[in-house]
Amino acid sequence: MMRSKVLSLVARAGSNRMMSTATKLTTVEVNDKTGIATLTMNRPPVNGLNLELLQDLKSSIDEIESNKSRGLILTSSSSTIFSAGLDILEMYKPDKDRIRAFWTQLQDTWLALYGSSVPTAAAINGHSPAGGCLLATSCEYRVMVPNFTIGLNETQLGIVAPQWFMASFLSVLPQRIAERALNQGRMFTTEEALKVGLIDETANNKEEAIEKCVAFIGTFAKVNPLARSLTKQQFRAADLQQLQNGRKEDLEKFLFFVNQPAVQKGLGIYLEGLKKKAKKQ
Amino acid sequence: MMRSKVLSLVARAGSNRMMSTATKLTTVEVNDKTGIATLTMNRPPVNGLNLELLQDLKSSIDEIESNKSRGLILTSSSSTIFSAGLDILEMYKPDKDRIRAFWTQLQDTWLALYGSSVPTAAAINGHSPAGGCLLATSCEYRVMVPNFTIGLNETQLGIVAPQWFMASFLSVLPQRIAERALNQGRMFTTEEALKVGLIDETANNKEEAIEKCVAFIGTFAKVNPLARSLTKQQFRAADLQQLQNGRKEDLEKFLFFVNQPAVQKGLGIYLEGLKKKAKKQ
Amino acid sequence: MMRSKVLSLVARAGSNRMMSTATKLTTVEVNDKTGIATLTMNRPPVNGLNLELLQDLKSSIDEIESNKSRGLILTSSSSTIFSAGLDILEMYKPDKDRIRAFWTQLQDTWLALYGSSVPTAAAINGHSPAGGCLLATSCEYRVMVPNFTIGLNETQLGIVAPQWFMASFLSVLPQRIAERALNQGRMFTTEEALKVGLIDETANNKEEAIEKCVAFIGTFAKVNPLARSLTKQQFRAADLQQLQNGRKEDLEKFLFFVNQPAVQKGLGIYLEGLKKKAKKQ
């Protein structure tokens, strides 16, 4: 896979030197002092997870794994959207080959993030529905800015969140709350999310959210990194294994479902609504 | 299976027209306005779950599944008992064939209720021990009237709640609380049940309990029914599969246990106690 | 296995007659009135879990299982340490045969305690890191004296707590809290432990802690012991089975890990630190 990368040293007044790399749709900045990498999604306007953003996310996670970063903080360049989730255009009247590549990449990206050996935290600085919530709940810690919403709202769109979305959700929420929210396609406000444990802390803005993520990653300062990583992977082994063993089946299930006329019709109506909304603004 | 059914259109002053069907021991009323079915257990005096009530429950659940109801509310015609659980008379000095049919029917009824594609809620308008608690925790939501008790109290009777009773309980309660309560055979008051999450809300009376169940089912108004149903079934697949794969084993385990002389003796003493109690009243 | 045992009848002023037996490193006192056995670890200075203490614990658990005790309360003879966990000397530059026996014994002791048919409670009258926390969370109830700490801090020592430590932890804590604490190697104060549910109650001193454990075991007074024991074992079956099925693999995994030069070096540094600390005091 060919990707253009920009490697640069950024010196900012009053801040620590950062080593920064960028793919087309993500940037990675490693703080020189803390050794923590900030991975920023940058696909305007809503960080819709299309094939290319998912590829870039995976590459950036791999890079952070291999460059000895002390942690990974996932955030967004948008001021209102963390990620709007899977790009509907990938699923509506899909190209046969591309949709296979798209879903396979989503699997790969999740396996890399959920199973990452590095401490992970999400600075949720905007709305975070569906795939956005998946990314956030795949991290070990979540700090969220007020007045946004987060949740797996797939059923509202007529889609079924696959089993591993459910696993990420269940790693954070009690079963009773997780099942009901997923059935309802419920979006939680920042305050509601804090109350049920879907997020761990709130922060007034993105900067403060990142600071709190840095503080969380700092709790591992005295911990042996190898022992930590093996412990985390042992905790998540069953969830990761379940997808790894059933990747093909999971792909076929998705393709079958997404190609149902009723689902295509629903996605079409949804897209039409988005277009009208955009025209009005 | 032959069952007498009464189909009638009921028009009540000040209420919505209801389509109502009845088996011998259950009634189903579908509210014309909301499209929600109320399934009422009606086997006086305590809705003891015998073979026939379990059969009627299963038929009524199937009917609600197939008649396009928007939800199922399970309640009782008694003013003090939701369901007293499995009918001890089915287990004490049992007929060899009937007890097999009884347990197999219990399995079928649970599989239908726990795995129902329709949103389910229990309006718990009376005491709900053992099998009564199983029915309630197999629904997705529970509203309970004060001054009653609910719990899996099998160990108090010298019986072991099978693995799938445990699964229903665990779908609602944290493991630490669920295990301890099941070991103790603990009955929770309405207030205690609310505190630990065994129920979701309280209501002053049956009518209000049903209203709150209707409101819960209303949260699915904008949700795609197929996506909702597949999501729920995915959440419950492991529990349902476990019984489906082990039905014979589960039946034999129950038969072996219930036929132990010590268990039969215990049931006999319990029945004797019930008779004395009844005489005093 | 040869063990010297002392059997004696102890009559104390103002207390109930106790039947007491002792192994070299543990004592078992059965209260004549309550029928509850107190199992005291007595390997000064810190109840380090070496091969012999683990053997004696297993023998004492077996004894309590077979002498018809109504419950088991695990506590420590030390006034500041419940148990400091696995004896590092068993793992540092280990003898090839002894370390196999040591780990196999740890497995056996855990299987016996976690799977015990008798109601179990821990009176945690001192610090309880790592293996100490494993023993405490393998019981059904925990009462802890203030100003001590408890947790699985293996990652702080560069060690990975095996899957069954994790299972015991998860039987008590929600997944989100359990995973994070295990990754951090977090030690909880008595107050923090109460808040998250890692312990169930606090008590001002050991005597009061034991009283509260007695009260917990008393909640089973009206429960059929066989039904209770089968119910508990059904709850814990999956966890127990996982180790039983993978004992050899678990042993080899431990041996491989503990013999890593980096781990040996870490243990050496840790032991050196302990020696310096001891000299200063």
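As written, the chains take the letters A, B and C, and residue 1 is the first residue of each chain.
One rule holds in what follows: a residue touches a chain if its C-beta (ideal position, glycine included) is under 8 Å from a C-beta of that chain, and two chains touch if they have at least 3 such contacts.
Not measured: the values here are computed from a predicted model.
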**Asked** Among line, ring, star, complete and other, which one matches the pattern of chain touches?
**Response** complete
**Prompt:** Over half shared or under half: which fits the residue numbers at the contact of copies chain B and chain C, same or different?
**Reply:** different
**Prompt:** With chain centres defined as C-alpha means, what is the inter-centre distance between chain B and chain C in Å?
**Reply:** 40
**Request:** Going through chain C residue by residue, note those that touch at least 2 other chains and give them in order.
**Result:** 174
**Fill in**
Residue set of chain A touching chain C in the complex reads 119, 140-141, 170-174, 197, 219-220, 222-224, 226-228, 230-232, 234-236
**Request:** Would you pull the chain B residues touching chain C in the complex into a rising list?
**Result:** 154-161, 163, 166, 174-176, 178-180, 182-186, 262, 266
